[in-house]
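Note that the chains take the letters A, B and C in the order they are written out, and that residue 1 is the start of every chain.
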Amino acid sequence: MRSILAAGAIAIAALGLAPTHASAQSTLRIGLAEDPDVLDPTLARTYVGRIVFASICDKLFDIDAKLNIVPQLALSHETSADGREVTIKLRPNVRFHDGEPMDAKAVKFSLDRHLGMQGSFRRSELSVVDAIEVVDPTTVRLKLKAPFAPLLATLTDRAGMMVSPKAAEAAGDRFGAAPVCAGPYRFVERVQQDRIVVERFADYWDKDKVSIDRIVYRPIADSTVRLANLKAGQLDLIERPLATDVPEIKKDRNLTLQSVTELGYQGMTLNVANGDAAKNPLGQSAKVRRALELAIDRDAINQVTFNGLFTPANQWVAPDNAWYDKRNPVPGRDVAAAKKLLAEAGVKASLAIDFMVPNNPETRQVAEVIQAMAAEAGFDMKIRVVEFATGLSEAEQGRYQAFMLAWSGRPDPDGNIYSFAKTNGPLNYGKFSSPDLDQALEESRTATTREGRKAAYDKVADVWLKDGSVIYLYHRAMLIAHTNKLKGFTLLPDGMVRVVGLKMN
Amino acid sequence: MSAVTVPAPALAPANQTLVIESPRRRAWRRLRRRPAAMVALAVIAVMILAALLAPWIAPYDPIQQSWRAVRKAPSAANWFGSDEVGRDILSRVIYGARASLSAGIISVGIALGIGVPLGLAAGYLGGWTDALLSRLTDAMLAVPFLILAIALAAFLGPSLTNAMIAIGITATPIFLRLTRGQVLAVRAEDYVEAARAVGNPHWRIALRHILPNVMPPLIVQVTLTIATAVIAEASLSFLGLGQQPPAPSWGSMLNTAQRFLSQAPWMAVFPGLAIFVTVLAFNILGDGLRDALDPRTK
Amino acid sequence: MLTVISKRLTQLVPTLFFVSVLIFGLQHLLPGDPALVMAGEERDPVVIEQIRRQYRLDQPIPVQYLHWVRGVLSGDLGESMRLKEPVLDLVRQKLPVTLQLAVMSMIVALVLGVTLGILSAVYRGRTLDHLVNVVGLAGISTPNFWLGIMMILFFAVELGWLPASGYVSPFEDWRQSLATTIMPAFVLGNSIAGVIMRHTRSAMIQALDSDYVRTARAKGLSEGSVVLKHAMRNALTPVITLGALEFGTLLSGAVLTEQIFSIPGFGKLIVDAVFNRDYAVVQGVVLVTATTYIALNLLADIGYILVNPRLRA
């Protein structure tokens, strides 16, 4: 077989079909782990979509390496004393890709579109905004229904992306087929599931720092193949290689690996009040939930599955995050204590648990390890692998007892906890409910000082980490591997590929 | 092909009943003369035995993890090496034979059980029965195999049994169609016309005269479909619709191994080899059976 | 002849009706809510309700079906929920890619399969037969994704002869197009070649043992002419049927191979759509592949009749 293959390949090489490399323009080829959804900032929802937006749609604000909020299309901002008015000064003389001015009117248009468009996924993020006023061509004022600390952080993501009013009005809900924003690159073409091509925008406000002519994004789902493309020189940068492939990448002298702890987390959601499945010791007793947590060795999971590259987690933000509650460090494994808690809760025989696991090879492996660990403490975790769509419905309808759930993360801690822990929050799959917790969560949003918010989050931690319905497991390392020819790339915790300042040698 | 010991009559099958030796016995006698087929049969027997006797012959518990021995190369302790959570691959291959063999055999059994009678009916009866069955078959065949299997398996719920049912149903139309096609080709033969002329009932003609002629291509298809079914089980496992972890099947082992092809090739080599050897054995056996069952060959 | 064809053409309607009901029914039986999938992490209940209304997911299934059929009859296959693009545009984008890959794979399969099958039948029972068998079977016994990745690692990474994955249209650059599709075509063709080989062998043996071949031999014709002229003609019948069947599968069944090689064809489109519960895409693409498939079957049946004159009556 091999020799036949080899003979064929020689024929191919002789025909001159081998890939050609030379090209006059400089092109950056990026391998994505999935195919992005629609490229409309109002309607988009996927993580990979945000990576593409990073080159075509600038935002009012951005984050820096320390998660501070820095201006991008905005110049500055000011919040009124009562926290109900945010005034944003805009960068002057900025143009959209179609030449339209990116001014206060355009900002009002974009934010109104986010708020009012049918099917907008930005609506809830911005729901606190009552009205947007154009003060002058370079100033807008956001009137809020209540003080809302996470607002600016929200504007560092898709809600802060501004679209050309002219193009958006013309295209309606088909805007995503050819988005027109104010980013360093303009959209050229997209072939679904094959490639998205963007080219340098000559009138970009910061054009001196943009030197690569074109960027091609290619979705390649298989991580082995994605890495193969990088090694073979068909791609210049790939996102999310496997942790287990890291030694191989490091061995390759042509490649650079960058790593940063993610903003999100991977955890296990427990059903405490969502339907009949919650009516069992795990759902009813916080002691049993803590016993399960104590049965799990997070370090071992990290070592076995991720070569020790990830960060064991016990909270909704990573231990190196400024909002992490240092009073509650990551607990170690303690099988004896777990058994004792189970006995106190009156659980005698091995406790069977319906453990719903999304069908992702890594998650499945983690689930198998947890299964083995929990068994030693007296839990019989029955793994049920479900595909994505089924998992969502099952979770919604409460047909699970434990559920492996990942969250991609937001720069502001609010995005990682509020909707998960608040009574009837849309992401509160376990239907946990506690009035004290709800109040603390509200305080965390309305507090106007950082200290005030931190105090509120400490109150959240007191309830949530003791009784709550999520066992946090680990924070992934966001990995990006790229060729050494690419210079000037820095990876921030959100995992985005920021293209301003990049050079290809 | 040489050394004919008993001169089998090279006659039309309608006259076969005149021979005292039963067709089945004769087929077995002929099969025994084919060393390749006998080796294949032995391999299949060994696989089935391994599946049945797994608890006694597997060196370790197939789901016992050992986090200190993750992805270790083959050694004296683990002949086939260890997997991504330190389980013994040899033990998993042995236990995996249970899932993979039953996925292959049972699903094809389902497909045969439904497809052949319906195919006989369609081809022999013709008319409305044929029209309806053929349109249904066309419709099912026109929908992609994997899509149909995914939809069925997802609808039935993820488990090995449901995956087998899904694969079986999905593979049914090909048997129906093949049977029908052969029946159409055979129906026009003289001996069938003759049998009909002397007033044999339909079912008798179908069973006695048509079915034996339909057998050879069916057997070839069975062996190939077992192969496809084993791989289909792998695909369904890949999508979370087959064998549920931590229980092993060759397909799910291979799919897990995909992530570690460069670091731990043994994880892919052994289950892959198991699939390859089994499929090969089924094919060689089917081939031997084809010759042995075919009344026209000596 | 013409009556046979016209009869088959009228059969298209019930078949397509069954296909549409089958796929529509199955999809709606699946657990999972398209609106929830579409929302993903952004679970805003108000917006999820809007999506349900917008795509008529709140209406009874028969009503949804009728609405869809009405659209199809007026040439509208609906819109992808996930990609916000008309399904017809997606089909137009993917069809040439899938066709190119299918044709190339079929060429690989036929050349390999028929040659090996004839060799194996003629040299039945001898070493060459066994050897050919193993080669042919290696194809069907190796999962596509595994062979695909191995080929990428070997030809693209180790040797650097071929691009690792991706697709280039032949109208853009035919050499690059060939280079990007040759590995997937080989993987797919290889997996079908085994099936074709087996059937060719089987049919050839039957033909070689038949009376008319014996007669031909008795007449003193050369063995080569007996094999190629007399036996092969009859042995082709099952190969034609099978070829058409397999070609039909190639139009949509190349799922994992397309995924490995990042070929933007039907297979990937449809599987992503199934998992995202993008109903309109699944229905539209299945309808198109089913129609093509049925048309191919019609051609195969005509071929059947042509080589088997007894069925003409």
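We adopt the following convention: a contact is a pair of C-beta atoms (placed from the backbone, for glycine too) under 8 Å apart; a residue touches a chain by one contact, two chains touch by 3 or more.
Every value quoted in this text rests on a predicted model; they were computed, and no experiment measured them.
*Asks:* Please list the single chain whose C-alpha centre lies closest to the global protein C-alpha centre.
*Replies:* So the chain nearest the centre of the shown protein is C.
*Asks:* Contact counts by the stated rule: is the higher one at A-B or A-C?
*Replies:* A-C
*Asks:* Calculate how many whole Å lie between the centre of chain B and the centre of chain C, each centre taken as the average of the chain's C-alpha atoms.
*Replies:* 21
*Asks:* Just give me the whole-number Å value for how far the CA centre of chain A lies from that of chain B.
*Replies:* Roughly 45 Å separates the two chain centres.
*Asks:* When the centre of a chain is set as the mean of its C-alpha atoms, what distance in Å lies between chain A and chain C?
*Replies:* 37
*Asks:* Would you mind listing the residues of chain A that make contact with two or more other chains?
*Replies:* Touching at least two other chains: 222, 224, 387, 390.
*Asks:* At which residue positions does chain C touch at least two other chains?
*Replies:* 30-31, 138, 145, 149, 153 - these are the residues of chain C that touch more than one other chain.
*Asks:* At least two partner chains per residue is the criterion; list those residues in chain B.
*Replies:* In chain B, the residues touching two or more other chains are 154, 258, 261-262.
*Asks:* Taking the complex as given, what residues does chain A use to touch chain C?
*Replies:* 1, 5, 8-9, 12-13, 15-20, 35, 37-38, 40, 43, 45-46, 118-121, 123-124, 173-174, 176-177, 191-195, 218-222, 224-225, 228-229, 231-234, 387-390, 392-394, 396, 407-408, 419, 426-427
*Asks:* Applying the document's contact rule, which stretches of chain B touch chain C when the two form their complex?
*Replies:* Touch list, chain B to chain C: 1, 36, 131, 134-136, 138-148, 150-152, 154-155, 174, 177, 181, 184-185, 188, 216-217, 220, 224, 227-228, 231, 234-235, 238, 251, 254, 258, 261-262, 268, 272, 275-276, 279-280, 283-284, 287, 290-291, 294, 296-297.
*Asks:* Help me check something: in the complex, which residues belonging to chain C touch chain A?
*Replies:* Where chain C meets chain A, its residues are 30-34, 36-47, 50-51, 54, 82-85, 90, 93-94, 135, 138, 145, 149, 151-157, 159-167, 175-176, 178-179, 182, 186, 259-262, 264, 268-269, 272, 275-277.
*Asks:* Can you list the chain C residues touching chain B in their complex?
*Replies:* So the residues of chain C in touch with chain B come to 11, 14-16, 18-19, 22-23, 26-27, 29-31, 124-125, 130, 133-134, 137-138, 140-143, 145-146, 149-150, 153, 194-195, 198-199, 202, 205-206, 209-210, 237-238, 241, 245, 248-249, 252-253, 255-256, 267, 270-271, 274, 282, 286, 289-291, 293-294, 297, 304, 308, 310-311.
*Asks:* Considering the complex alone, what residue numbers of chain B touch chain A?
*Replies:* That would be residues 63, 65, 67, 70, 84-86, 154, 158, 239-241, 244-246, 255-256, 258-263 of chain B.
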